[in-house]
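For reference, the structures are reproduced in the following blocks.
What follows is a pair of complexes built around chain A, which joins chain B in one and chain C in the other.
Right, the complex of A and B next:
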């Protein structure tokens, strides 16, 4: 860290700068003193998550292309879902039903008009999640920042949450497996679902795998962000677009909102 | 005469104990990745005796903090155990740490503890963007990027 161009300014607190540099991680580049352009590897979270933020997704179904599965593929890679293997005695069709999926691509057709809508369906991260209500062990829980997830240490695999979820968002792991990712533990007998790339959240990364993949495809149908920050891109989008919650009659106040449904 | 025999046997016993200690130390050393943070330290994140008796308590409390509060990068971490204590075979492939001849597995087998951390958790380091310490450790050990999964999964990380 060179300070030649700052000699006329007040002396730099070297200790603090070192700390900033360390916190910003390897991939960060300083465009100006104190201004970090892009922290690729941010410091891991050291304090508890707070309810000052609520993570959510805004999905513009008009931009969601038919036949595209970029978000699902990215999710599978990020969360090691592509590492699942079919148990031998199981038929292909049954395996398709049984294997864990965090995002499903849903196609809606209005039979009267013939209008077709595509959308990705994942855990809706409800404010009042039914899966949490029914969980007998407290394994299904909502983090302070709005992420609904499963603590596998507590999950007994009863699957009440799968039945309670109106969105069919949860999956059960039926078979013992190996080769899990360090970031995404997974084991037989536990339920799991989309956790908004929770380890990315805790490492201060910007987005989710699905939103990144959608943007990379040029669709930009999925926007991730903080619903409580009125300046965030997701809040701006929700302000501009008419969006709905799926099954809003259930009054769950979902964290995932859809436009054009 | 009897006194001399006792002396001799005592001496032999002492020698044996010494040799056994050295062998034990060698055995243990094998389980620490060379060049890792662990290899440079006298003890793990806590004094060795404390680690032996309490490691499960440490990670039990840490897991609650991590899962529910989102606190990462704490002193105690199962991924940290794997990073420093994994061993590699001749082909530089990481050996699952819970196998009965490996760091976690050997001791748990000896202590008759049946546990299931690694039913769910990765038993080999496979985070591509691993901690700088782990990267340095693996580079020093000449094993490069650990795990073939690393390349297939740009997203991973414990993290």
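Right, the complex of A and C next:
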């Protein structure tokens, strides 16, 4: 099957990736027409994922600019979401509700004060993820480093995780996909969501596509980092700013924190 | 005065039987085609989207699954609660339970994004998932009911009849509660977080299961000219009325507790007053068609005695049941997730309920056909079952059915002192 790429967690693939990684050290390399691997300096992770770190995001909503969509565009490019095409007979409005979205902008207004807030929403990488609890096959899983993601080869597309996620963070692939990125296997009939650029994690890169893009725009509203490292920029930021989890009442201990909501 | 109950295969003329089978098979065929179409194209051809992820197929599937559990009720009343008058109906009750469950599960499976990976669901198990537990509940249910049927039909099984019946009763309650809990466990969804959901599903299952049972029984008997005596008809219709009233009562409690639990009152006022199609489905479908109308028929002094009216009431209960499932399953998904209390969402790139608006969902034809296909599977299994095996009692005329202890009581009561 065309879209049957291996996930980054299977041993076979790890070897392949080591090889590709070595080749890619030189710069961007073309492995197949249309498939460009990222240029990375660091060698791919040889050790297993460790629970010494917990990856997360801190979002300073005061810095998130209205009308800016840099993070979304970057995410779409990074994960091949920009390759989705609307099935011809489908109406635009329906497509809007059916296409996969990993990160979205939300604009809020306080009912009492009228204050406007802009923020990006994505999978909150819950420490106690309801999506993982309910998944019948274990396709939804949490890595030791706190990243919650879907194993595309175990997912049967039951969509129970989507029912369970309090943040509406997940998308179901409603249509056949073509021309995907090797680094991000996706496919019709499966569920997917933000995985904190897990591919970059395995290559030991610094940040996520969204955080990079936001910084490049000069906004710096998204900070990525290790929540367990007290010295990391994200921990420093969380120390300095009052932040909260969305739907704190559910006590999921999310890995994504927001300031100013 | 009590005669031995004789069971006999369903001996309607072959042409008629094959005609019925042909109709069911074509509905199944069309359902299969819809499945193939949805599978090949992907779910974009359905009305489902990233907000309403479970659509009409789940409405049918959940209805069938809980109706299956409810259909077994008749057998339980006969064996476990020792009401001999229900005994002759036990076999059909067991058969229907298995058949409806098969239909419902088939819909669930064919609506998966990757049905071909079903084997994954069986081999790679997540034991913390209530969904996965339900797979055990379902398969166990079938096994137990089949054993139960054996104890009813085989003389050697006789001694085990009651123990197996009791096991089946508890398994069935667990199954319905489990199905209800699939929703109850979703902490995120406003509509579902009420402890009452499980028990409500149990009582709904009683009503739906009995309604289906009654329709099937009446149809099978009428086709072949077997007799349903007024005595048993009265018992069955009173039972249906009781369950329907119970279901109404529970729905009322459910919505009122939600309404008074301050957290949920946004959802409730939306559902009960401003929810458009869902409000309509609730009041007209669930309450009026599925509750008040059948109650009126069943308690009507004349109509309640008439076979056709009782059948109509049962049909209304089924329509109302589907509508209740629609409200419970789809309405609660359409209602926006409460992400930011005290704030209004002005814009969103993913339809988070901008300005509190509900997500849109309109079922597509293939979804409907898939659902009907599942129903037809259940009916086909039943039809073949009663044709080849002795599931149906020869007669349910008053002088054949076992002594009705209640009537005895009434008779004694009616005697002038």
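Here is the rule we go by: the second predicted complex is superposed on the first by the 221 of 261 C-alpha atoms of A that agree within 3 Å, B and C clash if a C-alpha of one lies under 4 Å from a C-alpha of the other, contacts with A are read in each partner's own complex, and residues count from 1 in each chain.
As a working rule, a residue touches a chain if its C-beta (ideal position, glycine included) is under 8 Å from a C-beta of that chain, and two chains touch if they have at least 3 such contacts.
Given the structure is predicted, the values throughout are model-derived calculations rather than measurements.
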Clash or fit, chain B versus chain C on superposed chain A: fit
Partner chain(s) touched by A:180 [first = chain B, second = chain C, both, neither]: first
Which superposed partner A:94 touches (first chain B, second chain C, both, neither): second
Touching partner for A:198 - first (chain B), second (chain C), both, neither: first
Partner chain in contact with A:143 - chain B first, chain C second, else both or neither: first
Which superposed partner A:190 touches (first chain B, second chain C, both, neither): both
Winner by number of chain A residues touched, once chain B and chain C are compared: C
First (chain B), second (chain C), both or neither touched by A:80: first
Partner chain(s) touched by A:116 [first = chain B, second = chain C, both, neither]: second
Touched partner set for A:246, first chain B, second chain C, both or neither: second
Smallest distance from any CA atom of chain C to any CA atom of chain B, in Å, after fitting: 11
Interface residues of chain A shared between complexes with chain B and chain C: 176, 188, 190
Residue numbers on chain A that touch chain B, as the complex places them: 26, 41, 43-49, 74, 77-80, 83, 141, 143-145, 149, 151-153, 176, 178-188, 190, 197-203, 209
Chain A-touching residues of chain B, taken from the complex the two chains share: 63-65, 67-74, 79, 82, 96, 116, 119-123, 125-127, 129, 132, 149, 152-159
Partner chain C, residues of chain A touching it in the complex: 69, 72, 87, 90, 94-98, 100-101, 104-112, 116-117, 121, 130, 133-139, 154-160, 162-168, 170-176, 188-191, 246-247, 250, 261
Footprint of chain A on chain C - complex, ascending: 41-44, 48-51, 53-54, 112-115, 117-118, 120-121, 124-126, 128-132, 135, 182, 185-189, 333, 337-340, 342-352, 359-360
